[in-house]
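Letters A, B, C and D mark the chains as written, and numbering starts fresh at 1 in each.
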Amino acid sequence: MSRSIAVLVAGVAAVVMVLSKFIVPMESAETTVAEWFNAAAAIAFVLGGASLLKMNLLTISARGPGWGYAAVTLVAFLATLGVGLFKVGVPPSAAFPDHRMGGTPDAEGGALWWIYEYLMSPITGTLFAMLAFYVASAAFRAFRAKNAAAIFLLVTAFVVLLGRTYAGVFVTSWIPDDVPWVSWLRLENLSAVIMSVFTTAGTRAMIIGIAIGVAATGIKIMIGLDRSYLGAGAGGGNG
Amino acid sequence: MATHAGHASIFARLDRIDRRWIFLAMFVAVAAPILWVGVTGKTFPEAPTPAVQGAFDAVESLPSGARVLVSMDFDPASAGELQPMATAIVRHCALRGHRICTMTLWPAGGPIIDGTMQDVLGDRPDYRYGEHWVNLGYRAGFEGVMKQMNSRVSLAYATDVRQTPLERIPMLEGITGIADFDLLVSISAGYAGAKEWVQYSVSPTLTGSKPLRFVAGSTGVQTPQLIPYYPNQMAGILGAIKGAAEYEYLVNEAVRKADPSAIVPAKFQEAQRRMAPQLFGHVLMVALIVLGNVVFFGLRNREARA
Amino acid sequence: MSQFPGTSGTPGAPGMPADPAVARRANRLMIAVLAVIAALLVVRAWVGTEVGSGADAQVVHGYGMVFVEQQGAGHVQVPAAEWAQAVAADPAQQRVMVSWPRTVGVWAAALLTLAVLSFLWRDNPVYKLAESVVVGVSAGYVMSTAVWSSLVNQVFGKLAPGLTKAYLSPGLTTTESDWWALVPLGLGMLLLCRLSARLSWVGMFPLAFVVGVFSGWRFVQYVESDLLAQVATMFDPLYVAGPTAAATVGGTLCAVLVLVGVLTVLAYFFFSLEHKGPVGGAARIGVWYLMITFGASFGFTVMGRIALLAARCEFLFDDWLWLIDPAGKH
Amino acid sequence: MLADAADPAQKAWFAADKVPLLVALAVVVAAVLGSIALARTGRPIRIRRLAGLDAVEEAVGRATEMGRPILFVPGIQDMDNIMTVAGVTILGHVAKVAAEYDAEIEVPTSRSIVMTAARDTVQAAYLAAGRPDSYNPDRIYYVTDDQFAYVAATSGMMARKKPAACFYFGCFFAESLILAENGNAVGAIQVAGTAETAQLPFFVAACDYTLIGEEFFAASAYLSGEPDQVGTLLGQDVVKAIVWFVGLAAAALGTVAALQGPDGALQPFVSAMRAAMGGGA
């Protein structure tokens, strides 16, 4: 029963959003819903924090493997949340110098800013930077020109990799730049042609296909055929 | 056959090489040029591609005082690629005298805006907050924020980050919906970012009377997926650090052209400097793929013969 | 130390020599190489960096020093040269000074950067520690940002404007309560029910609402932007007249190749037709287009990865070790 | 042009410039719903052969011959991700083939719910293959939620057990590279499928077969055999076919108009159509 109501809620919400695109007076309905949607998105972040808290508390209380790391995560979470919510060390705002909560929570010099700048930035940045090492290792050990398709792919990758740096200019500088019949063969020009012709065409066809797929999913949610989301979690993503 | 056996053993040894040597090679390929450029200060000349030139022209062609909305939709994890773009575009806007409104759809984007504005406008006392630039900050909701801003910016943002109500901010006078801005810029590392801006805010205006001009800056991973939108739905794209370097080069050339004696501060050449580690990193990648295949097929031939 | 298990390096894992003697030798050699690199960096930093020029010159032994200047209510980071100048002018000045919190911060950032990089050597507790910290810190940061940027003004401010203005948000201009704000608050509360096993079914309703709204938007916007507007570009003429014969041929060829690419890749993604005859031929051409597209993606992705590594290296060499000063920070 | 056709009085409540969009949405709805209805009548709908799926049998056969296990990774996201759902559907097929060949299948997962779903699926597959006794739930296990820790553990397992066939079907991020690299190092046949565009190039370069984007979903719809899923696939094909012919016609019209020059008879029509569809003038 409650599942059917939920499916109905989703379907009605979707249809109303579609109609509001065409029926001008419904625009205010759309912006109101958007406001609720945004608040729900903000609360989803709170939900994310709460579920992290719950998970780590469970690990710690059960003395599960690696509970020490869970404790570190917990302390880091609570400390960051605390200094963020209470605006610890935030310089007062120019407009409201006397108000304790007048400043921006992550303004330069505040505790939250310090955590952001010196803990969060370096770790997330380095975690992403590690991928450069992994891709190098995979380059040597996994990317094999084992068939024509792979050869095509790798050769294109070479052209783009070299053509998008000075290496391309250097390697093919002997090709005259002022003879239009051959100048496109210079690596920097060739990589531009690959982007403007082949990537444009290939990606265009792919996003057309994806758009049709997204539309089909939307239709199925509207008429209640697709209910997979009911077993799903919530929250935004990045990435 | 001694030489042949020698070859084979080299292949076999290379095939079993400890991957940490490859990691070290990548580190050296990136670190050494950084030190070299850091000491010598040399950079490579850049030849702008059409998509970058399009982005530059979109900013350049606006009359002075035009209003540009810059959404910095990334977090510190991607700042290595995108910060130079953000700096270059905001700097270009400031050089042209445009009024800049900043915002972000990513929760960790706030300090990135502060840092960028401090870098670019720190020594521009003529750029007064509220009159020449304003920071709306972060709002949760991804596409929901775009939907609200399409109708009325003030629905999404009641105040700016300094808690000034929008109607009391001089530079936003006359701005109702997002289409009232003369240009939208999104520098984005993924969802929600440039693609969603195109879908939700730019494309709906294309059938109307006032299409919204849009420029995107994007990470290397995302750039190919934005290419089909250029030039119809986007005026230009800065793709990866190379796009940033080309844009920086165009802005710096424009500065030098206006005043041949002008010295471009080092902080505005970050992306151009980065092209040196890129060069060596890319060459190493190509070499590793080629070498890996030589080893692979070398060993396979040997097995086939044996 | 079972609460901090570091998975031991997996002996015999790919890329790790199987023979322990070889592995030991490789380890020793690698440690030696890393030690030499580290020693060079330390020696260079020990020598110190001269900041300022002429009479103002001061030698600073780098290592992550940050100088700040009082500006308004807060402090702003300034180059070391400015500090050198200020000290040379007045040794007792308090205007420009070393910021210990930020100096400690640069150290923390550098050590954490190295901690993460240590995973390349093998999985270890230090890496895991850095990872645990970032998971907690990111969640805390995002949650506090969501509260301040969205909930305070958009929800609390509408329900209790007086209280919110007095204690949380002095800039608030609303004075009347807007009870519609209870709806998102209620949605949020229901969403939080998902945390409880017994009540999680209640969380289904806000989720259904969010999914419904979102899929309605996506349905329309994907068709408008990625289907209709993309098909509109196919009106591009195949004949492109250029200023020269070469430009005309080139432009026309490019236009034809784009159209052929879109149509053949679409043909590849037909699933209800066997890849035989003309459809098969088109699909085979489509595969080539896809491979070139992926090759370009490959190149761009690699480019992005290397750029991020370069940024981290620059941080270590510039902000921490003061080996270089490309941005004029010192 | 279409916008002009609308009565000015109607503009007050109807967004006239969105008529082409309305038409496009109507076409998509009609195609998808019509195809689902057709599939529900029980008429068989043919789905073309997918090389990646054909490769499953070959790879499993080889693993059996060599007496080495099969590895299946259903991505690193939870069951709310449609790619994970599609991956688990394909796992059912792989497990069935494995049961028939009596090959050992290993499924490390990154989410506990995925583990539960995978166990159910594999058990059902063994039952369908008539070998319920051979099903071993211990080989389907949860490792950790953490991306890189998961990869480290899975890589170590790969080094020890040296699977002869590796399948990666689901949502992958940066770990795609590391998995494929390790699979290569142990000499496995590798088959992958994902719709995560940024990872596709790496899979294509490192694996023997890759199901690309929509192909991956098509494989899952085909294997599920549900009329609604197969019908949706057909509906999408219908829309693609319409796009195909409209695109071709658009290119022809655009070219003729360009050859006629700016004053040609076709130019106003082409410009108006293009503008109405959001393609600029």
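Criterion: a contact is a pair of C-beta atoms (placed from the backbone, for glycine too) under 8 Å apart; a residue touches a chain by one contact, two chains touch by 3 or more.
Keep in mind that what you see is a predicted model, and the values were worked out from it rather than measured.
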Chains linked by the largest number of contacting C-beta pairs: A-C
Using only alpha carbons, which chain's centroid is the nearest to the whole structure's centroid? A
Measure off the straight-line distance from the CA centroid of subunit A to the CA centroid of subunit B, and report it in whole Å. 15
Please compute the C-alpha centroid of subunit B, do the same for subunit C, then give the distance between them in whole Å. 12
Quick one: subunit A and subunit C, Cα centre-to-centre, how many Å? 9
Measure off the straight-line distance from the CA centroid of subunit C to the CA centroid of subunit D, and report it in whole Å. 27
Quick check on subunit A: which residues sit in contact with 2+ other chains? 18, 21, 35, 37-39, 41-42, 45, 94-96, 102, 106-108, 116-117, 120-121, 124-125, 127-129, 131-133, 135, 137, 141-144, 149-150, 153-154, 157-158, 161, 164, 195-196, 199-200, 203-204, 206-210, 212, 215, 217, 219, 229, 232-233, 239
Expected list for subunit B, residues touching two or more other chains, is 17, 19, 23, 26-27, 30, 77-80, 107-108, 110, 118, 137, 139-141, 147, 162-164, 203, 206, 221, 224-225, 228, 232-233, 239-240, 242, 278, 281-282, 285
Return the residues of subunit C touching two or more other chains; collapse runs of consecutive numbers into ranges. 14-15, 76, 119-120, 128, 131, 138, 141-142, 145-146, 149-150, 154, 169-171, 214, 217, 219-220, 222-227, 229-233, 259, 262-263, 266, 269, 290-291, 293-298, 300-303, 305-306, 308-309, 311-312
Residues on subunit C engaged by subunit D in the complex (per definition of touch): 7, 10, 12-15, 119, 123, 128, 131, 219-220, 223-225, 227-229, 231-241, 259, 262-263, 266-267, 269-275, 290-291, 294-295, 297-298, 301
Subunit C residues within the subunit B interface of the complex: 14-17, 23, 26, 30, 33-34, 76, 120-121, 138, 141-142, 145-146, 149-150, 153-154, 157, 169-174, 214, 217, 221-222, 224-226, 229-230, 232-233, 293, 296-297, 300-314, 317-318, 323-328
Taking the complex as given, what residues does subunit D use to touch subunit A? 11-15, 18, 21-22, 25, 28-29, 32-33, 36, 78-80, 82, 85, 148, 173-174, 177-178, 180-181, 184-185, 197, 201-202, 204-206, 208, 213-214, 217, 228, 232, 235-236, 239-240, 243
Within their complex, subunit D touches subunit C through residues 20-21, 24-25, 28, 45-49, 146, 148-149, 152-153, 155-156, 158-160, 181-182, 185-186, 197-198, 200-202, 204-205, 212-215, 218, 222, 233-234, 237, 240-241, 243-244, 246-248, 250-251, 253-255, 257-259, 270, 273-274, 277-280
State the interface residues of subunit D toward subunit B in the complex, per the touch definition above. 3, 17-18, 20-21, 197-198, 275-280
